[in-house]
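Chain naming follows the written order as A, B, C and D, and within any one chain the residues start at number 1.
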């Protein structure tokens, strides 16, 4: 294992932990808005860390480009869809959670 | 025992699950889902069985057939959904008459 | 590294299984859709890991398709299938 | 190495169990919307199963169709159904002899599993045959070679099936559901960004299909996804294009296939037997036209009724 490998492994594991955080948020948070918040942020960061880790191991720049494109697409879709769901939920009168 | 055999068994399971749901559920949308699950089971069985030897040259003919099958399945699903909607528009219910209520 | 890739892929699959609970539980349609969205992102990560583990570059194309198409089902939900009046009250005992 | 095998087996078993469980829940939970979401998740996991079975071509098709189009199709149908029948919940009537099909199917599943487990370990397939003739097929991807050269008649008939399904839908479907609500800036931007990318990826899949996983079906499905996204964002075809140009695009795929079949039958003496020197070009041409037809047909299937009914009174876009 080279230093790059160690760095990549650290990034991958960190990414996986963010995914775990996202899932815990999805299961434990009290309403749809907080769950949206947990999912979109944690998962997109998790995927970003994983993409960075995999990019360090990639065999060519084309692969790095594809990995970044995939991440960007997930960010775009995640951001737009979470906006659509949140505004739709508000319009339908689902009240945000208050302590 | 290699990768392929468990998936072939899952294919068998999916087929049986889908068939059961196709028989017991009255709602047509559920029947359409059941048909799709059955189809997925058959596809899985086809590809998994072709791959079970695990040799260097996997048989690609079943794979090609499954790709065709997936596209045919979605077009058949679209037609079935339209038929269901038509029936619902005509009778007010998305179920087949079962003869017991007449 | 191979072991790490596969371990992480397995971990993500378990994660996905846990997220399934939210699809079943709801309570609102939006919650179910949201969880399905999580599946898409997780599947992308899993595919990228498997691509690196197996050296099969085509799996990145599968991940690319997932990333592109994740939005289509969700948009279909928001624009078509989401009823204007949500009957379920969103109160979670947690 | 032992750890690797163990991890892979664990992955396979978990994935298989998840597939069976998802199918069970999707088919038996009372709420139809939940069933659809579970079915979409099922399609997603199916793509992973294809990956594990080393069938990336199938995984691409499943990803495009299972994860994208099927979900959109089912959601749109459910919305129309709800508009017609308010009590859409599946009552799951108690059949008097519910256990009878269960027992029969358990028997069938056991028998099938027994057959699967006792099959000889070596599959007597056509893998070697395909590999031998791959050089003369004009492409390097064996799946594309089978789909468009060795068994081109499958694909020809498949295009006809697609067209027939669309004819069925057009002759049955009422006017499609119309949402008057404006798509809003976010959805509009998303569609404007994603649709060109989807078209680009479709072209990439079409090109890459010659030597790596990809091809006309996958590309066509991605093209259809682009169209579906635009339709959902409120875009409609200009009225001028809904009559003849649309119909021509729809029949172009089967049409060029039939023309080529007749041509090869007359010149080479056999159906869809391309001269090896031109095979590569012919397949690419065929695939390009087929992609366009598949994409437009699938999108039209999503839209439901004939597009002319839909926008008699509209221009390029839905009223905002």
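By definition in this document, a contact is a pair of C-beta atoms (placed from the backbone, for glycine too) under 8 Å apart; a residue touches a chain by one contact, two chains touch by 3 or more.
Everything quoted here is computed from the prediction, not taken from an experiment.
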If every chain is reduced to the average of its C-alpha atoms, which one ends up farthest from chain D? A
Chain pair with the higher count of C-beta pairs in contact (B-D, A-D): B-D
Length of the line joining the C-alpha centres of chain A and chain D, rounded to whole Å: 28
Chain B and chain D: spacing of chain centres that average the CA atoms, whole Å: 13
Calculate how many whole Å lie between the centre of chain C and the centre of chain D, each centre taken as the average of the chain's C-alpha atoms. 20
Cα centroid separation between chain A and chain B, in whole Å? 33
For chain A, which residues are shared contacts with two or more other chains? 73, 76-77, 80, 84
Using the touch rule from the top of the page, what residues of chain C touch 2 or more other chains? 33, 35, 40, 57, 64, 68, 70-71, 75, 78
Would you give the residues of chain D that are in contact with at least 2 other chains, written as numbers and ranges? 8, 36, 54, 57, 69, 78, 187, 190, 194, 197, 218
So the complete set of touching chain pairs is A-C, A-D, B-D, C-D
Write out the stretch or stretches of chain D touching chain C in their complex. 3-4, 7-8, 10-11, 14-15, 18, 21-22, 25, 29, 33-34, 36-38, 40-41, 44-45, 47-48, 51, 54, 56-57, 59-60, 63-64, 67-69, 71-72, 75-76, 78-79, 82, 177, 179, 183, 187, 190, 194, 197-198, 201, 205, 208, 212-214, 218, 222, 225, 228-229, 232-233
Residue set of chain C touching chain A in the complex reads 1, 4-5, 8, 11-12, 15, 18-19, 21-22, 28, 30-31, 33-35, 37-38, 40-42, 44-45, 48-49, 52, 57, 60, 63-64, 67-68, 70-71, 74-75, 78, 82, 84-86, 90, 92, 94
Chain D contact footprint on chain A (complex, rising order): 73, 76-77, 80, 83-84, 87
Counting only contacts in the complex, chain B reaches chain D at residues 3-10, 12-21, 23-27, 29-30, 33-34, 36-37, 40, 43-45, 47-53, 55, 57-68, 70-72, 74-79, 81-86, 88-89, 92-94, 98
Would you mind writing out the residues of chain D in touch with chain B in their complex? 8, 12-13, 16, 19-20, 23-24, 26-28, 32, 35-36, 39, 42, 46, 49-50, 52-55, 57-58, 61-62, 65-66, 69-70, 73-74, 77-78, 80-81, 84-85, 88, 90-93, 95, 98, 101-102, 105-106, 108-109, 112-113, 116-117, 119, 121-123, 125-128, 130-131, 142-143, 146-147, 150-151, 154-155, 158, 161-162, 165-166, 168-169, 172-174, 215, 217-218, 220-221, 294, 297-298, 301-302, 304
